[in-house]
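Next come two complexes, and both contain chain A; in the first it sits with chain B, in the second with chain C.
What follows is the complex of A and B.
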């Protein structure tokens, strides 16, 4: 691991103290004079036509300043994927799920706003609803969106290599079906927006907990019918996103609409229940996997059919189902693959990007089936993963370019760390070990023009100010960018300040999704910092009578390489810079876009999806309570190839979070619906694991040095969310000999399975 | 979610609290508020006035009165955990206190508050916005029970952790009302009705829990089953007490009130607690209760858990 002055160091998050002390400002902490409070009225039926909306009682309530319905706003749809836009801020003619927004009110205080929302009377004409994608694709199923002939809103059919030949050459062919449930992101900060309108020049400013300020700006512009340059999006501190905050929501649109109409600031804040029911969730997905292997366990062909439960709208539908397909062929080398995937509308909460984005469901199926096959043909499950591992430089059927890859090593090391040889199949009944592998892109290269920019200023006083478009949502993006800049300019972290994710002052950025921030925005910041350094070094080299390339910098000092005495302090350098009549501050700019053909799209054309790819294996040891059915994760180890970590402590934070998320997916969480209504929309009833449930955790690093990432870095965010759930379920199989292919594995299903087995024997 | 409007009374004497309750029709007593305030935010309980008991010193503290240990109604669950003598004499009580909710529930929540908590149901413990999708349920003031699809009936489940422990310890409660002080067995505090689960007359409050010292001669244990080690209500909770040939067993989260498992107790009366005897008794666990799926957990699963949890609790007695 590269350990430099700040890069590679365990630097605490730059805003950690302000968050711990409560000083940090999240969207709902902000207040403006004269601010109004908004509230949405939501559909109480899963599917139906809006016959009428009576807002008269709400409007008559003293303190109410405005009430709007879908008929009052432009007929413009929005969505995160341009060709899949299908959502109105407020429903126009139809409601598509319980929780669909149908009207919005604003009032002088929250209480009146809530009261007014309750006074809005909506008359519906119900339409039969459908709650499962396998029912929704049947002939005669109720049609959820009028403009489509079926409920399939996105699909992908891809063949790579020669699948028929692959199956023919296989010694064995197995087919299994798997199901992943709906999981909610459950960020600790509920969704909020505050908008203000400048009556004089028509500028609209919105503070919103968004992961992608620039996409939000665009979606607001096209739905509000306001030029993009009149909208400024500012992202305050964000308390977690996990993909749930990449979309625009009714709160963003309505806050802006009312601010503009009324000339007063307007705030919307979602209840936790709304976060669960009316934002996004991980798509429930059925996957049937047919795999052909030879006797040694080498995978020769795969055919996968996937049905994703999209809920009522598209959100990222085409992208999600595409990712699910292309990432089958990594971290294993799958030369022959058919993937048929369908995103199906249902009258349920909406599926969207969630940490891993279409891949966790596929990974669960594949990693479970590898264990099943290994058992059936008598091959070691860890060994089978090594046999099939993709390696650096190997061709990828869809054209991914794998420059560095520590996957095979990660399997071997994870097996060693969990005690595979001593424990697998050898622990007492009720205890077992399992592992699973994964890979993830460091951001998206060939989907659109996804660029990041950065501006770095070095002031006369030696203060470094960064402008970056990167959206820190709690993962530490700002800290990582500060570390990169501090390293290049040779100053300690305390000298570096960052202003980020404000579309009015910061350069363009693609936002936080696809795990691309460190590589994309990090490279932009690196280039901007180098620009500053080049300007400074060319001046200092003149004074020190050396070449700029010979100069070194650290700890606010610049010196000649190999001769520490020949140098000057940064402060002296800047003093002399000023007195030589050079302009201050020194300003550097950088822009970075992943190397790729432009514009391309994986939706229609193969290509290198990402600048680079992370790899990992996660291994679990579990203990099953045979009387009560409860599974305890005793230990979890991650062996990780994320290139060169810029901040190992932040990487560990991601790993620990992924274990909690994976445990939730495997054992605890299920966004269950009763007739389309989410049954458990609270932290109490939803029941994600707490710190009390966390196991002993270990992290090991596989050293690779990526040529594209800044300082050799690759992603470390989403990728680790893919393997924990299958690793845990694989360990359960080792513990009690029961193969679970449906998530979550709750005490109830464990007890049922144990009982069934006892009855059999 | 925000609280609805209400008037707030904060007396410092029990008599004043009783007067405040009597003078304000529909008023409710509140101690830690960890149950009531959540229900008020959900708009399923809308008392026009709250009478806080938190400033009444005489409602707090653990003391010996003759042949009984008396615990003030507003003693917090945390204070109960920290009392070494209680831990020695009545382990089940302390184990139950440690099993309630999270740290915050234990520091705010009180003993009598926990006993007097409202019953729970997946159709009842939801916000106004959530519940408006269906007709108003019987417990919330309507007619329908969405769990069983019938009218004018409610199976909402009593889910307190403290009650089963105190039931096996043969605890009584001290009640004070306008007419003075009285004592009743703890079991009589519960009406067995889902709609109004407490058999407490208006303007009466629980002032203390009285545990006979003799109960300290036996061994006791409380075992809770929930998915998480923090925050959750029990899916099932089981308390056992044993002395010589006598066994007392109680469950929570299985019916509209906490229940003594009389079938088990009768089966084990005078028996040695051998493996087979315990197993056989365990199969009777669900006999004394009316299990209804008021949570996401199926009835058959809860029945199995009751048996296993009972066995585990007995085993823990040593």
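What follows is the complex of A and C.
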């Protein structure tokens, strides 16, 4: 690691004190004078035509200020992927799942709004529904979207290398099928939006708990039929997102619609049940993996067939299925691959981006099968991963550029840290160890609009103010950006302030998804800070009779490299700057887009998907309660190549949180949907891990110095949630000899498997 | 049932007069009537702990407590934890140790942990975990939260102020 002043330091989040004192403002904490409260009416059936909607009783209720249905708003669909837009803010002719929004009401208080929503009467003509992607693709299955001839909403067919030849050269070929369940992001903050309209100039302002303010602005403009420059999206503090707050929702549209129609501020707030039912969830997914290997365990060819359950709408469908495909070929070198993937509509809650986005399901399948194959052919499972590891500089079949890669080392180190040699296959029955590997992009490179900008101002009194479009959703993006700027201008963190994610005042940013913020927005901030520094240095160099390149800055001081006495304080420099009649504040600008051929998309064209890639191996030790079937994760080790951590404390926070998410997916969480009805849409029934379940955790870094990331940084937000689930399930196999290929591994399935084994013997 | 009346609530040493219906929860009274929005609403079902406040020193879920039942009791919310312009040792420990990310659950955790340290200044790790088991966090993986409570407890035991 490099020795730096602010970057690389365990700096507390710049807004942490506001968060521990209750001063931090989330969307629902905001209130405006005269504010109205909204409520959505949602479909009670999974699939049907809307025959009629009677809003008369709702409208007549005193205190109700407005009621709208899908027929009252423009017939415009929206969606996060431009080519895959298929969602109306309020359903027009059909409902596609239980929880689809069909009408919206606003009233002077929330009780009246709730009562009005109950008074809206919707008459449906039910249509047969379909709840499993494998049923939905069958001939004669009910068609969910009228404009399509099939329920397949996105598909990908890719071949790399020569798969036939690869299988022919293989000593063994194995085929196994895996299933990952639906899980909910479950951010603790429920979704909310507050909108206000300026009756004089027609400006619409919305405060929304969004991860991507600029895309929300665009989707609002195209559905409200309002010019984009009349909409300002402000992201207050966001109480966790994990991908669920990427999409626009009915609450955003309706808050804006009513604010504009009524000229009064309007707030919509979702109930927890709505968050589970009517936002997004991780796609349930079937993957069949056929793999050819030689005797040493080298993978020679793979053929994957995947069916993702997309639920009622597309959301990120094409991207999700693409990610699932392309990331099979990393962190292992797979030269010959066929991937056939289908994103299928069902009459269920909607699949969307969730931490890992299509890759965790694939990693579960691949990492489980590596363990299965290793056992079948008598190769060590850790060794097999090292044999197949992709390394820096190796060609990737689809054109990913791997500049730095600590994967092979991460496997070896993780094995060492969990005690692989001493424990694997050697612990008493009921106890075992397992590991799994992964890789993740640091944002998406190959779409031209995915750029970030930054403006940095240095004032006369030495205050640094940053404008950034980056959306901090709790991961600490703002802090990381402040650290980068503080480092470059040579001031302590307390001198740096940031205004971010306000589309009215901040430069363009793609938003928080794909784990791209540190690299993309971080680089933009770095360039803007360098711009400020260059202006200042050029002035100071004149005064100190040296070249600007000879200057250093830290601790509010500028000096000549190698001669600390030849220098001046930042304060003096700014004083002289002012009195030499130069304009203040010094303003620097930066814009960064990942280097890539553009515009392209992996669906149609290969290319380098991301500016760089993180790598990691996670190893688990588990203990299975043989009587109760409960699996306890005793220890979890992460060995991580995320380049230079800008803030090691925040990186640890990311990976510790990811382990919790991965454990939830492995052992506890299942957003159960029967005949389209959610059965556990509450925290109590859903049950994600509490503090009681958390294991001992350890983290080690493999140092790499990436040439593209700011200070060599790579992503650290999502990649670590890919491997925990397969690592845990691999450890369970080591503990009790049962191979689980379906998630989650609940006490019930453990007990059933143990009983089956006992009956056999 | 819908008849509203003015309730007097003692919150953080101050008297608030708030208009409440019989079914108004303490959470609603605090957030929407007293405008103390630091207490968070995560589920409204008593499952997430984000709405935890202290009532006569005891941690309660304000979403499951009726405002009328809080009359005559001493309520302490997250806004009343920092005193004399200083973060409490626990708050400071959360900040310095990175025991928060999005911060939405943090008020609830701090209220639960504040009660714990008041009753049991030297808790074991297991005792901390048991006390915080009713507070959900989706960001941190809990480890840094538990460690932050341990660090604060050690500082309190060491007589730091």
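Following the convention adopted for this analysis, the second predicted complex is superposed on the first by the 759 of 761 C-alpha atoms of A that agree within 3 Å, B and C clash if a C-alpha of one lies under 4 Å from a C-alpha of the other, contacts with A are read in each partner's own complex, and residues count from 1 in each chain.
The rule is short, and it goes like this: contacts are C-beta pairs under 8 Å (C-beta built on N, C-alpha and C of every residue); 3 or more make two chains touch, one makes a residue touch a chain.
Computed from a prediction, not measured in an experiment: that's the story for all the values here.
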| item | value |
| --- | --- |
| Contacts of A:684 with chain B and chain C, given as first, second, both or neither | both |
| Touched partner set for A:114, first chain B, second chain C, both or neither | first |
| Partner chain in contact with A:692 - chain B first, chain C second, else both or neither | both |
| Chain B versus chain C as contact partner of A:10, first or second or both or neither | second |
| Contacts of A:271 with chain B and chain C, given as first, second, both or neither | both |
| Residues of chain A touched, compared between chain B and chain C (which is higher) | C |
| Chain B versus chain C as contact partner of A:650, first or second or both or neither | second |
| Chain B versus chain C as contact partner of A:757, first or second or both or neither | neither |
| On chain A, the residue positions that both chain B and chain C contact, one per complex | 111, 271, 683-684, 690, 692 |
| Chain B to chain A touching residues, read off their complex | 1-2, 122, 125-130, 132-133, 225, 227-233, 296-298, 301, 304-305, 308-309, 311-312 |
| Touching residues (chain side chain C, partner chain A) in the complex | 21, 31, 35-48, 50, 77-79, 81-82, 87, 91, 94-98, 100-107, 110, 129-130, 132-146 |
| Complex contact set, residues of chain A against chain C | 10, 12-13, 15-26, 28-29, 31, 111, 185-190, 237-240, 242, 271-272, 473-476, 649-650, 652-653, 655-661, 682-684, 688, 690-692, 694, 697 |
| Residues of chain A defined as touching chain B within the complex | 42, 44-45, 98, 110-111, 114, 118, 271, 273, 627-628, 630, 668, 672, 677, 679-681, 683-685, 687, 689-690, 692-693, 746-748, 751-752, 755 |
